[in-house]
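Consider the two complexes below, in which chain A is the common component and chain B and chain C are the respective partners.
The block that comes next holds the complex of A and B.
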């Protein structure tokens, strides 16, 4: 019983940390801060996966945790830092939604996530059920980052966070989907990231800026 | 009877200790910046000097300007009687809970702002308008952050919250608890006028907030205001230290327990001083228009803390 209590508490704690790192992106403006927030968030997600593996006895999840840590907490942040150095100083100074409004709407989104997942949480018997609304909230918040920010790199970070939140949700709701599916998702995300990276270079080459607003000029 | 004496004793100790806290932060900051720094007890010398000096009051100032420092000081002293410092539960717990603390804090801020407006100097008015903006954003967050703890403990009584946490230490790891700590820390920086929201070390910048409100004060009035702001910092440190990490607080009235509690309090306050000094050395002051952003972040953290502690009950 004690172990069950600890398990559910740690899973809620991990998900809240992941959510806080998501909120961090809405508040800060420099790419460096975004990258470190994303790296920390991936580290936390890997930690939650390892913890679920430990408590549920499903050892395949350790591999998932190692993959998340290796790819998302180390490799992708490093690539992002390289890109940031190249396009340095390109700050998110005028997002579509200003900072106060976006932080407050993130709070509303988390509350919506709580109410949306209420039936799931009520039906579930898992010790991790308390963390499901938080992971769902992170999904909404990352989607909000993608739609409310103008710079291509910020949108990529939002997309990667969305991917993180889905991985977190999968680990929490089902104790991990089959390994082959998990690896497929990873490859998908990695390919997506690489393709987006190419696009970022192209956008920068054409417009000397990563502002996606500029893409409108292509119509004329 | 003894617990009443302890109550008054710890409140007096808090009053006497508060200037040393400010001195310690200044000294630590000076060391971190490779300066020698004034000794820790420098604020006592300053208070002593100010109390001995003549108070100059503007001819435009009304009685309000003279009354405000006393209101600010007494409302701050009143809070020290309610906040858990060394002993829980306290005899005063029956009179006042967290809402009283929040309103007493607001009373002090309100009178400081009025005193800033009263003599009609441009700096005072500017400082008051800024001070009220920050207070309006920060005070609800204090209440909401402590509500997160209150909903876990089942009581809005500060002493009760602390003793409940001592009884079930696992609750310190809940997200509600940690998020509330983070948001209260940010609010502490705003309310106590520390960097990145306000710079306590300058009188020259156009960005000052608290210093602008009290710019017209001199002599004993200034001493009271400065002392009150040091006590306010101590109150916030005690809220952070004793509501979130209550271990070490005496739960029974006995000499060894109280000595241990005093030692634990000094260590916890010292650690918070180090944290604040390092933070103030590392960060630059935020532009005034970015302050609401930071405070809205802390409000959202507090809101999430309340939500998660309600859901997890």
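The block that comes next holds the complex of A and C.
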């Protein structure tokens, strides 16, 4: 019982941290801050996965934790930093939604997450169930980041955080999905990121800015 | 074995193009020959499935039943058409070798991911494959770099990836539900296993899961209001890619929705999924019909018409067994005709140098064969007899009346009339008129048009009579969805 209590407390703590790192993006403006928030968030997700692996005895999850840590906490942030050095001057100075409204919306989104996940939490018997709404909250907040921010790089960060939230959700709900699917998802996420990275260079090349507000040539 | 041939041929074509950086034209021709292999495999699978047994391999990880075979046939035929009219075979003066090579690599990977999606029995891997379609096709949209093509592909990549991520949440929730009932097994994400367990799944969780799945895959299927990327991507992509995206990628996304509808219906009964499908389907139909009225770009016109047909198919899925049958028939008809139309639009673009509707006049004089086929295809898209789409739309409406959706069927009919009038007006303007001053007349490589004419002939044939084996396949496919 003692171990169960610790397990559930740690999972709630980890998921809250992941959500807080997601919220960082709403009030910070520089790419450097976003990248470190994302790197820390990935580290936390990897930590939660490793912790679940430890308590549940499902060793496949150690591999997932290692993948998340290696790719999302180290490799992708490095690539993002390289891009940041090149386009660092492009700050997210005027997002579509200002900081105050963003933080308020995020609060509402987390509440919504609590309400939609009610049947899931009610059905689950796992010690991690208390953290499920937090992971779903992070999903919604990441979606909000993608929609409300103007710079291509910020949108990529939002997308990567969305991927993190889903990985977290899978770990908390079911102690991970079958490994073959997990690896496929990883490959997709990595490929998706690399292609997006190529596109960032292309957008910069053709528009001489990373402001997606300029992407307005196509109308009905 | 046929399943491996199906997936192996496009993979081989992509690998050959990847390794050979010279001889871009030659690898293009190899890719055309290899694109015939999946059609053969589809025929074999069709025969096997019609005998009554689904084909499976690799420990039930890949599996083809009647529903898969419908999609496999569409994908392999459209992929072969696109390869034939792509830059690989006939060559294009305005494309450099590295662009041709890139096209061959990624169009084959695109085919591979779509085929993998429809033969994967594991719904997790199906998701992986559908997500991969976004990545490989987004790379090809800006084959010629330009502001609008970069914009279109960024929108597509971002909205597509985010949307499909939501579908994964739905998958995880359904898996969660399954694990709660039956415990974790490696087979748990297999569709066949899910279907057996479905009656015991928890309704509230499945409801939540289906909403995520529908929004996620619906984004890829171009259902309104998640359709905003579609007209941009389909109009900016090179014509053969547009043909594949509009002709079959939308159908593959609908296929994923159908698979999940089956599972969720077994847990909840049909009313829940039907209501959602009717809502999104009708909204797509409305958005598409009104956007078609004011269209000024012929590729965007075709793209909006795809949204219209996706909406119709979606509505059909909600109209009971008869409706699902009609929806599958409509899906096949649409994938043949829309890919033909996009390939023809590529020829128009090449000659007129613009996608502006107003700039294309005197088409019948300028390019008599292309013009005639374009006109015939457009009449098919509108849904006039004797084309197959008339029959399938008629069957859809009939299924709507039969299941008691009278008012809805009347609204559908009114919207179809609106589409009819606006498309016919646009077509009229394009076909006749003096033509453009100084534009060369006559066809380049008229032989390239033969398969397209064949395709339209098939659509006419499907409008006159549905052959017995095809009827059987569709009936079995519909039975898979409404089991």
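Brief remarks on what is shown
Going forward, the second predicted complex is superposed on the first by the 216 of 220 C-alpha atoms of A that agree within 3 Å, B and C clash if a C-alpha of one lies under 4 Å from a C-alpha of the other, contacts with A are read in each partner's own complex, and residues count from 1 in each chain.
Here is the rule we go by: a residue touches a chain if its C-beta (ideal position, glycine included) is under 8 Å from a C-beta of that chain, and two chains touch if they have at least 3 such contacts.
Since we're looking at a predicted model, the values are computed, not measured.
Partners chain B and chain C, brought together by superposition on chain A, fit side by side with no clash. Looking at the shared chain after the overlay, A:20 reaches chain B, while chain C stays out of its contact range. Contacts of A:185 after superposition: chain C is touched, whereas chain B is not reached. Looking at the shared chain after the overlay, A:152 reaches chain C, while chain B stays out of its contact range. Of the two partner chains placed by the overlay, only chain B lies in contact with A:9; chain C stays clear of it.
Contacts of A:96 after superposition on the shared chain: neither chain B nor chain C is touched. Measuring from the middle, so to speak, at the Cα centre of chain A, the directions to chain B and chain C differ by 150 degrees in steps of 10. In the superposition on chain A, contact of A:169 is made with chain C only, not with chain B. Taking chain A as the reference, the larger set of touched residues comes from C, when chain B and chain C are compared. The gap separating chain B from chain C in the superposed three-chain model is 20 Å, by closest C-alpha atoms.
In the superposition on the C-alpha atoms of chain A, no part of chain A is touched by chain B in one complex and by chain C in the other.
By the touch criterion given at the top, residues 170, 173-175, 178-179, 182, 290, 292-294, 296-297, 299-301, 303-304, 307-308, 311-312 of chain B touch chain A in their complex.
Chain contact summary for the complex, chain A toward chain B: residues 5-6, 9-10, 12-13, 15-17, 19-20, 23, 27, 99-100, 103-104, 106-107, 110-111, 114, 130, 133-134.
Residues 122, 124-125, 127-128, 131-132, 134-135, 138-139, 142, 145-148, 150-155, 157-158, 161-162, 165, 168-169, 172-173, 175-177, 179-180, 184, 186, 188-189, 202, 204-205, 207-208, 231-232, 235-236, 291, 294-295, 300 of chain C are the ones touching chain A in the complex.
Per the touch definition, chain A reaches chain C in the complex via residues 116-117, 119-120, 122-125, 136, 139, 143, 146, 152, 155, 159, 162-163, 166, 169-170, 173-175, 177-178, 180-181, 184-185, 187-188, 191-192, 195-196, 198-199, 202-203, 205-207, 212, 215-218, 220.
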